[in-house]
Amino acid sequence: MVNLEEIKKEAKNILEEGKVKYIIGYAKSSNALMAAPTFVKKPEDIDKLIWDPTCFQNLVKFLLDEKRKKAREKEPDIRPVGIFVKGCDSRAINVLLQEKFITREDVYIIGLSCEDLGVLDEKKIFKKLKGEEPEKIEFDQRKNIVISTKEKTIKIPLKEILAERCLECTSSFPVISDVFWGDRNNRSPKEPFKSLEQIESLSQEKKWDFWQQQLSKCIRCYACRSVCPMCYCDECVVDSINLAITADTTAEEKSQKIKWIEKSPESSENFGYHLVRAMHLAGRCIDCSECERVCPVDIPLRLLNKKLEKVAKELFDYKAGLDPEQPSLVSSFKDEDPEDFIR
Amino acid sequence: MEKILTKKSFPAWVKNLQSYTVYAPEKQENLWSYEVIQNPDKINLEYLNTVLAPKKITYPQREIFLQFNTSKEGKPQIKEVLPEEQPAVIFGVRPCDAKAITLTDKVFGEEPKDPYYWSRRNQTILVGLTCNPPPSPNCFCLSVGGSPHSKEGLDILMTDMGDKYHIDSLTKKGEKLIKAAENLFKPASPKDKKELEKIQRESEKKIKREIKDIKNIPDKLKDMFESPFWDEEAMSCIRCGICTYLCPTCYCFDITDELTSTLPLKGKRVRTWDTCQFPDFTMHSSGHNPRPDKASRLRQRILHKFQYHVENYQDYLCTGCGRCISLCPMGIDIIEILNKVRDYE
Amino acid sequence: MKKRTGVFVCHCGINIAGTVDVKNVAEELMKHSDVTHSEDYVYMCSDPGQKLIENSIKEHNLDSVVVACCSPNLHETTFRNCAKAGGINEFQCEIANIREQCSWVHKDKLKATEKAIKITRSTVEHVVKNKSLEPISIPVTRRGLVIGGGIAGIQAALDMANSGYEVILVEKSPSIGGHMIQLSETFPTLDCSQCILTPKMVDVSKHPKIKLLTYSEVQEITGYVGNFKAKILKKPTYVDPDKCTLCDKCVDVCPIVVPNEFDIGLTGRKAIYIPFPQAIPATYTLDIVNCPGLLPIACGKCIDVCEPGAIDYDMKPEIIEEEIGSIVLATGYDLYDKENMKEYGYGKYADVLDGLQFERLLSASGPTMGEVLRPSDHKVPKEVVFIQCVGSRDPELHCAYCSKICCMYTAKHAMLYKHHVPDGQAYIFYIDIRSGGKDYEEFVQRAKEEDGVVYLRGKVSKIFEENGKITVWGADTLAGKDIEINADMVVLATAMRPTKGAEEFAKKLKVSLDKDGFLSEAHPKLRPVESVTSGLFFAGAAQAPKDIPEAVAQASGAAAKAIIILSQDHLFHSPIVAEVSLNLCTGCGMCVDVCPYDALSLKDNKAEVNEVLCEGCGTCSATCLRAAIEVKNITPGQIYEMIDASVGG
Amino acid sequence: MNENIYIPKLAKIIKIKEEVSGLRPIKTFRTQFVEKNGFSHQCGQCAMLSVLGKGESMISISSSPLEKDFLQFSILKMGRVTSALHETEVGEIIGIRGPYGNNFPIENWKGKNLIFIGGGIGLAPIWSVLHTALKKKEDYGKLTLIYGARTSKDLVFKEELEKLNKKMNVHLSVDVEEKDWKEYVGFVPQNVTDKKPSPDNSISITCGPPIMIKFVIKALEELGFKDKQIYTTVENKMKCGIGKCGRCNIGKHYICKDGPVYSWAELKTLPQEY
Amino acid sequence: MAEEFEPKIIAFLCKWCSSAGSDLAGVSRMKYPPNVVPITVMCSGSVSPLYIFNAFQKGADGVLVSGCHPGDCHYIKGNFYARRRIALVKELIEYIGLEPQRFKMSWVSAAEGKKYTKIIQDFVQELKPLGPQKKLRREK
């Protein structure tokens, strides 16, 4: 069992000892159903910290900010940053380690097992509430969520409102950590790729209709890539945001930047963006499904990434984020990789 | 002109508006969005906040400015592309979103006027609906000078009165819409008006969130430009464009050229929404960026809305719709920020 | 800058013009904003055609050229030279293949012309973004390194040295000579192995250009072709060869006896020893593993008797660093480990020998002075069974490959045995006889016919010792009957394996190995002596099982290849290599993973290209998620425009 | 409806002069509208130049409004659009819209001494006002130019500068010592301090890299110039040119509309976001 | 009568095998439809998914990537990386509903002029009934 008081105690200790610069954790937000990231710098602030199924966010994203900040500072504080990680988040850390974007010394990993649960899916709850607004929530014995709205109080078994990815999660505990709470039971969901089945069973035309309808909604707010811990490029390949320009970048270089996609949120450009993003996450996506959660227009982005996760698993027996030493999916091969699709 | 329309007759009214493109909120899977209505019988006005404000119709995310065609010899051809003449009615506009349109009207209406904006705007009729109950738990229109039954910017304000709507026609455009099916409406009685007042009063009480003493905030902000406050507040920002793209008042844009052919060179110049939250928004081509970090960009968003715009147009560039709060992936809450600003020492 | 490109469309007689409206191609291309001049001509590759291009470059002040003609494989060099003659950089010339890929494969003139325009335009898009490049020049350290002092290494070292280049020859054991020096006679001529090898060994030791480092191991190779650096560990022999007079007194007094490697354990040697009489260098080695200790208290007998004071217990290992330009790897082979061959009683019964042991028995300088005697009782064996393919051609249990030399040496063994013991009987169990090679088949026939060796086609099922005899159960599949032979001796033709430790060594050198652990050549047919790493060559059995003539031939081949490098002041390398955009690179290392040439490495968290090693394949560029690496003159930006041109947009 | 402000007017490039070569090249383009139109600018204003297919870039107009035959722009090759402009040749047609922004209040400066202080490409916006003042020399007091660049090769308008010497005081400088350079060596602000222009009845107009402007202002203040006597132009990324696209603001000001010309007195009150 | 639909195909051919194979088809005067425009790249391993998506965006009706047979790569193992990468692209393209026939990969050696000819012939035949590829194509 994960005991919040113990975590706070550890958090307080490491802050007091100066072992970490600060701790990235979760606190309550103005939205009862969602925790917000919080950055605890002082031991006296640790009471802000919470840990429950509203802690959706993959905080690993903030390690990227930390890296950028450090790069700008002349004499950076090189102490690690403490960070709360769930199972999926820990795999993100592994991918970052694998890609040498961070080093193990940069982080002090406070590993929290989701055990047999996971995080909530707000949309599932809204469906259950049928339009009523939650005012207060509580968790009862880790079994149920008790939601009070203005009208009434209802109790919903957690299993019914867990995020889809949590139901398909195969390792709900951090695979890398400095301190750890909870159990390390491997889950083995019967159908880890069940959510894909519906689309996979469609005809080509129906598949296209589905994705066309979904992706044409995209407004290119780029929340999906902004929230993704794997999207750490200073400059996105498909959409040159020119961040990588420095004083010595020549005009020639700048003028030769390729515009793989246009800024217009047209179907072709939206597909261009999402397809390239999916490819770039192949073998890297750790299924935190933050992209899907944050999408304001509800594009089921997880289903894109999950598909390639499945392909990687089935064709190449590859799973992302389990081992920081393994080579990346696309920078390795096996002699026996399938080639029945090749003439 | 105040009228009463039974709910049953509502579709009939819409059917009479065939010369217009009619938009109304429609539920698509889990979210509400303004869509062109084919079947007026299916309009459902018991809707929550749409994700995108009706600005997506009056000020679409992409607008073609011009088309060009050049060849190696001879002079290039440039063809202006103004939006087609197509009068539109938007049903179910929330008063906050209507107010937002008045704010962008001012920006795009200032000389020199923006021809693309106005050729759409001039043809758009806004039919609002009193928010009773509020469409979002994060509504705070009352704090920024609006109300759930504000008429500002609307051509007609409808109020749900159970089995009927109270229809308040506010402009000539609005009158015209009613005239299209005059026989469906009957005049509002004094009793109706009394009931309306009650409904409107109650609707105000339902707004839960507020920013107290907002009047002091613009002045307060003036002294906070250099404050470390912004660093703290922006820590959890992930620099996505949700807050601004969904904001009914945000209007920043980009102009880019898109090619459709390279030989001969053909293409178009388009305007697309842009946002101060994207890192490259203000980046000079030299690489120098006056707003290099997310703190300075969050500051710009708040200052633009609650200081600069107030200085330039004597109004907040915010109508309290709450979208940026509800949809911020990281729970950044503009009300909390402003409350902190107010109390900042 | 906007380019001033010239487009030259070749008719190739009717080869192109018959199907493609070449005038139309030239006209259409003139519409391109970067094309300054465009024309067609009947034979561009002819002298007047080339002159035409040259003159146009000057006349129209062109800075780049596209020639729409045949495949670049045919005339790319021609036209690049022509562009150069016109005064522009050779990399500002690209070929649009409108013959092989267009006119020859289509009939419809309209469509073929349309396609030719697209191809040519695509090539224009390519060339307008080309950079002017100069071949990369690499200075060469004109000295070679040969690793392994067997016959292959000796041959390679001599060839290189005789061509006038300094060579360092590194051998890990105390003497050069390798396995060949252990052999008795060699097939098919039956000349004495030592007689033909020792002169070469002496040549090596005397050669002014060869620096011989025995009892030494290469620890590390860094650098790249023309500029390798080797770190060589020279182990101490504790004997100063200059002072040693070879009096042998130290050996006499040494109390320690261990199995003699040279005789594969058939004899013993002392802890201080000369590996064999003809060893080069001719000096003693004190085997520190077996010596009781380097303290006079522990033993010190040798130091006491050594009059010249050649023994020095304080000798330290030495690291020698050498700079070299090219390397020949000749690390040789070992026989299949006896641990793996228990079913044949090998290692269990004294009279079950492997091929090399039998060679020693046959050798005039061997433990029995050339007499064939059983190790167990020193009796002359009257019946000897030779078994081929022991461990070879057995994909399920052992090695899948054929060890190639066993058929021949087994025939030789049987033959020589018969020469020594004319009344003895030799049996050979074989699967089939592989005697491809000059005079090889005749040799085998001679064994059968003149020496009466009995060839039994079949496998051996069991070997066991009984009453001082070794009973061999087998089957004669030709006769279709079981066979039992009560032999006095059994000789196993065990499989050849890469030298022990070769795998580890290969890793150090970043040389790839094949599935069996042999060195993997760059191309099985066309580059059989080259490794993938430029400047590194293979010789001898380290690459695959081979016999002496083959090893020698390959060694000379490898030497020639190595000399090609050493013979130049500078090497020139194509400048079409990868380039990293440091702004974009995040140092994830995926490009490093995929580079087949080890041309990429991470330095200060950014990828770095070693231009000399890069072959420009571009796999790194497709792998990089950030488009931070691209190959010069075939960049994603160029492909982007080429796609445009190719779809006709 | 009024004229569509976003549609560029076609203009022919009639002259191109390479001012500076090398890695940071500068070219001066002289353009003429293909069709007559009402375009008329004032000193310090900018125009949006288009290369179709590449986009638009805001460039300050370096010719004097008194010059009616052409518009002149001096452009540093910097990004996508300016690179494309550098590739154009005489006779090619580009798009121009504008003019944008405010202007130097030269009418108010009549009778005053004008001190122009420029660095690198920053001379371009000054050039317009300088030439206007020169053409009406009688209206103004003493005219002085203090101008510098990294090296003598980076100085723009070299030939004109030589001729200018006869009409006004010209003080050139380069940042580092070089052979055959007879004038001042050092940064522009140092040259200002060195030349000690008098603040009496003077206006100084400065433009250059942000860091130079900062130190020039400091130098001027030390010499006794008041905030209102110091004018400069600022730069930010611009897209629309008419204060709508929302990116060039510093505080409530949009540079394309309320700028780019500011007196130090005004600029001081704005946030430092440029 | 409307003209028959002629699909536009982009073929990324590796320089050493597939491009040489297509040259051989030429030298042998084999005939295939002119719908394919080849773009020669150094190695199939250098074909980025971006190229493939971009070709479709720009209006290609079909895209072919062709390299050396496994083990024959001029660059030793580039085609092995390509094989894995292209497998992912192929799965993804199919999953979003683009007709799988529009994207192909082949191994064509320098000796396989015949095979190259056949691949193109078949590809064109397969694409014809599908009509123009509009799904990913940019609006003109």
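Labels A, B, C, D and E are assigned to the chains in the order they are written; within every chain, residues are numbered from 1.
The rule is short, and it goes like this: contacts are C-beta pairs under 8 Å (C-beta built on N, C-alpha and C of every residue); 3 or more make two chains touch, one makes a residue touch a chain.
Computed from a predicted structure; not experimentally measured.
Chemist: Spell out the chains that contact chain B while also contacting chain E.
Modeler: A, C
Chemist: Count the touching C-beta pairs: is B-C or A-E ahead?
Modeler: Counting C-beta pairs in contact for B-C and A-E gives the edge to A-E.
Chemist: Centre-to-centre on C-alpha atoms, which chain is most distant from chain D?
Modeler: Farthest chain from chain D, going by C-alpha centroids: C.
Chemist: How many angstrom lie between the CA centroids of chain C and chain E, rounded to a whole number?
Modeler: About 36 Å, centre to centre.
Chemist: Chain B to chain D: how many Å between their CA centres?
Modeler: 39
Chemist: Find the geometric centre of each of chain A and chain D from their Cα atoms only, then give the gap between the two centres in Å, rounded to an integer.
Modeler: 49
Chemist: Roughly how far is chain D from chain E, centre to centre by C-alpha average, rounded to an integer in Å?
Modeler: Roughly 53 Å, centre to centre.
Chemist: Two-or-more-chain contact residues of chain D, please, as numbers and ranges.
Modeler: Residues 78-80, 82, 86.
Chemist: Specify, in ascending order, the residues of chain E that touch 2 or more different other chains.
Modeler: 49-50, 54, 77, 81, 85, 138-139
Chemist: Two or more other chains touching the same residue: where does that happen in chain A?
Modeler: Each of 237, 245-246, 249, 254, 260, 262, 266, 330-332 in chain A touches at least two other chains.
Chemist: Looking at the complex, which residues from chain C come into contact with chain E?
Modeler: Touch list, chain C to chain E: 71-73, 97, 99-102, 104-108, 111-112, 114-115, 118-119, 122, 522, 532, 576, 594, 596, 615-619, 621-623, 627, 631, 634, 636, 639-640, 642-644, 646-649.
Chemist: Under the stated contact criterion, what part of chain A meets chain D in this complex?
Modeler: Touching chain D: residues 250-252, 254-255, 257 of chain A.
Chemist: Considering only the defined contacts, which chain E positions touch chain C in the complex?
Modeler: The touching residues are 6, 8, 10, 19-20, 22-27, 29-34, 37-43, 45-51, 54-55, 58-60, 74-78, 81-82, 85, 117.
Chemist: Spell out the residues on chain C that touch chain A in their complex, using ranges where they run on.
Modeler: For this pair, the touching residues of chain C are 129, 581, 583-584, 586-591, 593-594, 602, 605, 623, 625-627, 636-637, 640.
Chemist: Would you mind writing out the residues of chain D in touch with chain A in their complex?
Modeler: 23-24, 77-80, 82-84, 86
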